[in-house]
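A, B, C and D label the chains in the order they appear, each numbered from 1.
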């Protein structure tokens, strides 16, 4: 996963992008980069400048003089997710910047192409060279081979050929272009900001709306599935960006996992408040829960895994009360504020030092109580197992683990960094015949007194419906129902991991 | 403020100390250091090794080979709080390590001596040189001038001469010593851990018990006010450290602000759970609150400033419900996980970018609602003012700011890094004759609909009482009642800030 | 200018390349990189790994763990010359590494293509994208578009299309390829080394033979002009690399400036000892010199600008003695050993601090003496001017500046980093009608008592002749006689500088 | 060994000191620091600021903003020599800066105290603590214990108590003080510079006069043995620094090894040109040499080990010619310009990679010739042995190693970083009864055809004589004649090394 950001017609495009990327840091912690478009008075055209590096945004842009050097009037930026192995290379840091027939191009991309292997093979057969291992490089190659004159038409032609998930923002000479795949897998929002001094209008594009908030920009609308939006100086003057639309897909496939876990709760994703949907997940989880207060026991205590499941836990409590099965919300786990990329683990004390470094228990609110621990999801299960071990040290009466989403049973081929099927917790047990037995095995493995996942129905009841759509979400990781054929991507997955 | 940590008889003392300091990071982010005691087989005695640097613990100890180099069987460590100006110098990074008549000594100190200026003058008159500007350097000078033979007796003599607040841990050749001033201003706890492989016992000393949790050590008891505790190989063999006691002070003076804000909620401070006391503060604040639900308004919504006032806010809600003035707890503010020391603020967009970089609002839970914002304290007021401005963007019906402690009206001379009196928010208005008028001025300045501080009585009702003590806490910052005369320190304060 | 190095069938290819690049550091100080070919047992094929960075070789490879990570059995490396402006970007650091139809390719290149502008335009018209601004990227694009199957044949086809100067080494899957343009502008030598432990044979390719010496390899022969040499495991087994040859050029054009200044004196360049040729230059300069000892003056003292003109100065003295015009050789200038890339110049004391930081005078051997200062060349003239000013502080009787090459009157389009014509010292005065007048103007500008350049004839008499060649050298910078048409390159030059 | 520098009444004292230390880099490469005296307008007194770090001067002061921060009107600086083991610690980086009874003090010291162990014991008995392991810390302790009021008088009292070698420069509040021990072991020179813009006079103190040249300052005179020189604003106004003198020693003991090897040839040391004395050493070596040209052999070729023995080699050749035993001077060894601290040696190819990284041979001038290799001294012999092995690869007829100083047979206790007696090459063989036999063993070990050391008499004939002194030099390393009793220091040496 990744975060993308773009701004057009700002006095401080690099600074805006820095703050935007900073607020999107949760979407990718491995590397960050900014490409700026600046008008060069001598050459009388727009040229690009860039600064990229491995690490958090605040680390890559630690030196303030970088911003003086960058200047410009527009910029795009990218946060890359932490991946492992060969992919962790400097040549993969985005945005990619290049020159081609029509001038300069830079691209920042969030998503995963499902026909990348085929396209790559076809392109290399035509004599194309690839300097990075990322999917993203395919798109400028396709655009550069188009016979169209305008970058937006070249990109249109390119995107007709690619399949899969993409939300991207590009600089093409003196234009900014934003595009989202027809299925709408990944979010992409459009915002604007009026400079308080000059009254000039800047357009902004970002993966999540929290990036607008930090620079006091305003959320206008989403880039629609299949939309290719062009922002140039004319668009600014008319206050009207123009759009092309790719042929519509037969269905939509918004990533439901953005709502479940990935996006920030203060963002609007797919036009809706993430916080509100997480609350719904918690409420529906409460409705489905069978945990009852036992006579003689202390009050049922709902604890969230901070901060990602805070809102779901609150929703759970609220609904429980409504259902007259009262439970109290408690901060039973404390999250260390200083966890970061630089964290080393010398002389490993125990296998659970990673969990201990991130969380600690508040003994007073856990001791002797029946705990309903609300978490958003379980991927590999190793963290959950160690977290439960940590909580046990506070001697709770019981731990009932409630997950505000269904079991993850399938890998993602559209950008979410799930492991291969083999590494998913659910895989350990999937020779079993029925779900109940499988969940009992997982419960035992993790070491809790009971384990409850939200049902698929509960999940679907929690998310907004989009009028006129038969299918609005991608739920493949939970259901195995893949919106786009994945044979190509699967093989990739197997080879790379 | 600072954090101190020490461990004796461990196979991995530097690693233990690293994790301990990591969990105490909130007590000081400017610099960190570790001194290790290692037995040198050639010289047949214990020698010290050290590694120190500016920055967070995880930054200073980024290179794992440091731990291989350090080795040893005992270690002490120190986190220094971020201070400003001349004090931010490398020569002030603790622990201080030195050689003197009786061998090697290293010291890590949390606190502030109130007669440091006088002692410094007296010592320099005797020909002593000072290589750092910190108070701490005075103590080894006094110890080195003692005619006693044993380091612990030298330290005893030294501590008879100093006044003020100190919790410290030292290495003296092959011994570890922990000491706490007779008033007991700052916390200091004793723990132990049995090595799961060798069965060997290690003793641990730390500012807060959360440092025990991270390395799976067990909290035994506090170092008592006035206690000087000696841990050596004999103490380990007998499982019995030995103690000296300084002459008792006429009263105790535990820092009540540790409970209000400074310590981690998962720690036990002065033998009691911080989380529980913060909850009491919230409960008492609810009892004193006069905010009532207004007919036609949405439900009263309690929002905490994450994470420091989370528990107080929960306590507030719990008590409100009990009082039949129901209010709902909401996560209305989101704290950015990536805030850190390295954060720069290029091209300052607006004066409130610092607050925006740390917090964002969750619009859905704030819009049109009457908000009770619970915060732990207000020092300068600048952050509070900007936070309120940010919350206003979500269009709440009203903001009622509730502070879970009384107004801070006086500087601290015992280690808390409050600004001078002039810089405290309360000072702006203290020519006014009565408190009500002053609070109205503050309310107006911060820009809230109403402002409520917890009363002194409410504060005292929230904290544990210690049997047989007439006075247990230092409340000077709230009350001006200074346990130790401060003429010397005051002057220092004026000159340094 | 740049340095290239490659090694095939070594146990320590990255280390070998590190030492090779270290000894070729004078050919490029701005950036360095190594690409290693390693057999991946899981994927059952050779994969590439790389490490690149800005700075000196010893800075880029400061961390020894890099070598553990790199591993492999073959490697190529590159030193990039310090250039200014937009070119100083991380995306230009070589070797370039990429994947294409036939697998993996990496390339390290020394030289300059003269039809790069045309080729770039043609390629972009075909839809090719360029990610760097360097000429080098053109070559893999051309190779990738070839329909040939074998990388060496693809490269052959590519090189048929490019014009200009190139000496390059490539990794293509499990092969190493070295190539040199038909004119032979830049040097490229072939060496070998037998592993003292295993007896295995490694082949080595390097810009200069000094790179063989440092790793105790043996110089076999030059890569011939127009030769494309293939080294693979078969070549190693047979002790016989195979070669293709590009169509021969009508003449050769070995860069004579490599002999004059650029190469290390301990290298063999174009099969001949650089030291010996520099001595010839000094001897011929002595023969042409008209400086006579004046009665009453102290002995004529020959001083070199260390270390580049040391050998020429020795040759000058030797020949002078033979001609019975005795002169003594003296170390009148001391070169600071610590001059390096990291050198900053705070608070510029005077315009000549750069020269003062690099050289100091030995007053005793200069005072009151007539000095013959031997230098190899003058490019811009600013350093020479300041150096003379420095020497004047020692109060010599006179300074006779003797240059062991003719005046540089024309820019280089084949890789030497000369400035544009406008910036050459000779340009300042080239409206003058005859050379004598021009040299008088230069003498005055630099501030010496007399100025003597070596004649073109003297230069040609100093360098070896190659049998059967009508023209063996490129002397364009001195003569304006460009071996390859330069219209394309000229324009480039004008635009970039 | 170390380099010291100080400047008083400059507009750019930190920059001056940077350049001074840069030119003194050869005196110490391990660490560097600068302390600046700046007038603080608010506190109305001079305060000190500092910047110190491990590494070369250009590395420690890589960030130009440091100079903006430092400011001030006076500064002192220090280069520390690379030492091994425990001493390589950050707490030992000079200048030391401290506060004491009379205000602020900073000290930069070159030398070694011979009674440091006794003084340290006495001081610790009095309750003094030591924060570094360096001798230097003793001096401010002694000064601070003086009852005198003026820093110069305090320092006078302190220096009466110390024995050994010291050349030092101090800042004491608004004064600069320079001091040199009565024996005059280490050099220390006084210079001045008139600001070209303001006409203001600055005084400068430096270990060597090459530090004056780089900033265009003028050498006035040496700080005399036993002199303590005070420079303050009054001294500047009167153009007359004032001096105190310590009681004279019965003899002088200028370090003769400064002339032989350590100092830069362009410096004046002890009032005389180092270059000239090195030439004398070469001349006297020629007079003592018995190598004759053999019939049928090529011309005798004199090669220096660059750059340290260049001048001696030239003197050797000059004298040989005068003696009608002609020999030609050749640059047979090339010194790599990029050798530096950062140089790592991955995957050690052979034991001689260190020598190969620093030097390479010029085959043409060595092949088949009888070589007289002139070197300044042999300490351990390991480098010489490997260098000879390298030269042998060029197949010289013979190698006659000539050393321009006598055998080093004794360790230095006055600051030169020689190894212990056990590690000196001469020690390997000193059970032998006569010198000839010993030299034969060394010759064999190093692997040369003949080995010749300059005689003690030859050495003494080469250095200037000082009128009225019975003994002017310390020759202890050659002769064992120690000017100051060394029992205390010896023990130190044994223990530390």
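In the analysis below, a residue touches a chain if its C-beta (ideal position, glycine included) is under 8 Å from a C-beta of that chain, and two chains touch if they have at least 3 such contacts.
Owing to the predicted nature of the structure, the values given are computational and were not obtained by experimental measurement.
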What is the graph distance from subunit B to subunit C, where chains are linked when they touch? 2
Note whether the interface between subunit C and subunit D is symmetric in residue numbering, meaning over half of all numbers used appear on both sides, and answer same or different. same
Length of the line joining the C-alpha centres of subunit C and subunit D, rounded to whole Å: 36
What whole-number Å value describes the gap between the mean CA coordinates of subunit A and subunit D? 61
Rounded Å distance, subunit B centre to subunit D centre (Cα mean): 49
Which positions in subunit B are in touch with at least two other chains? none
By the document's touch definition, which label belongs to this structure's chain graph: line, ring, star, complete, or other? ring
Can you name every chain pair that touches? A-B, A-C, B-D, C-D
Flag every residue of subunit A that touches subunit C in the complex, lowest number first. 50, 52, 86, 89-91, 96-101, 105, 124-131, 133, 140-141, 144-146
Parts of subunit A lying in touch with subunit B, wherever the complex brings them together: 12, 14-16, 18-19, 22-23, 25-26, 56-59, 61-62, 64, 67, 210, 213-216, 264-266, 273, 275-276, 306-307, 310-311, 314, 318, 328-331, 334-340, 342-344, 346-347, 349-350, 353, 356-357, 360-365
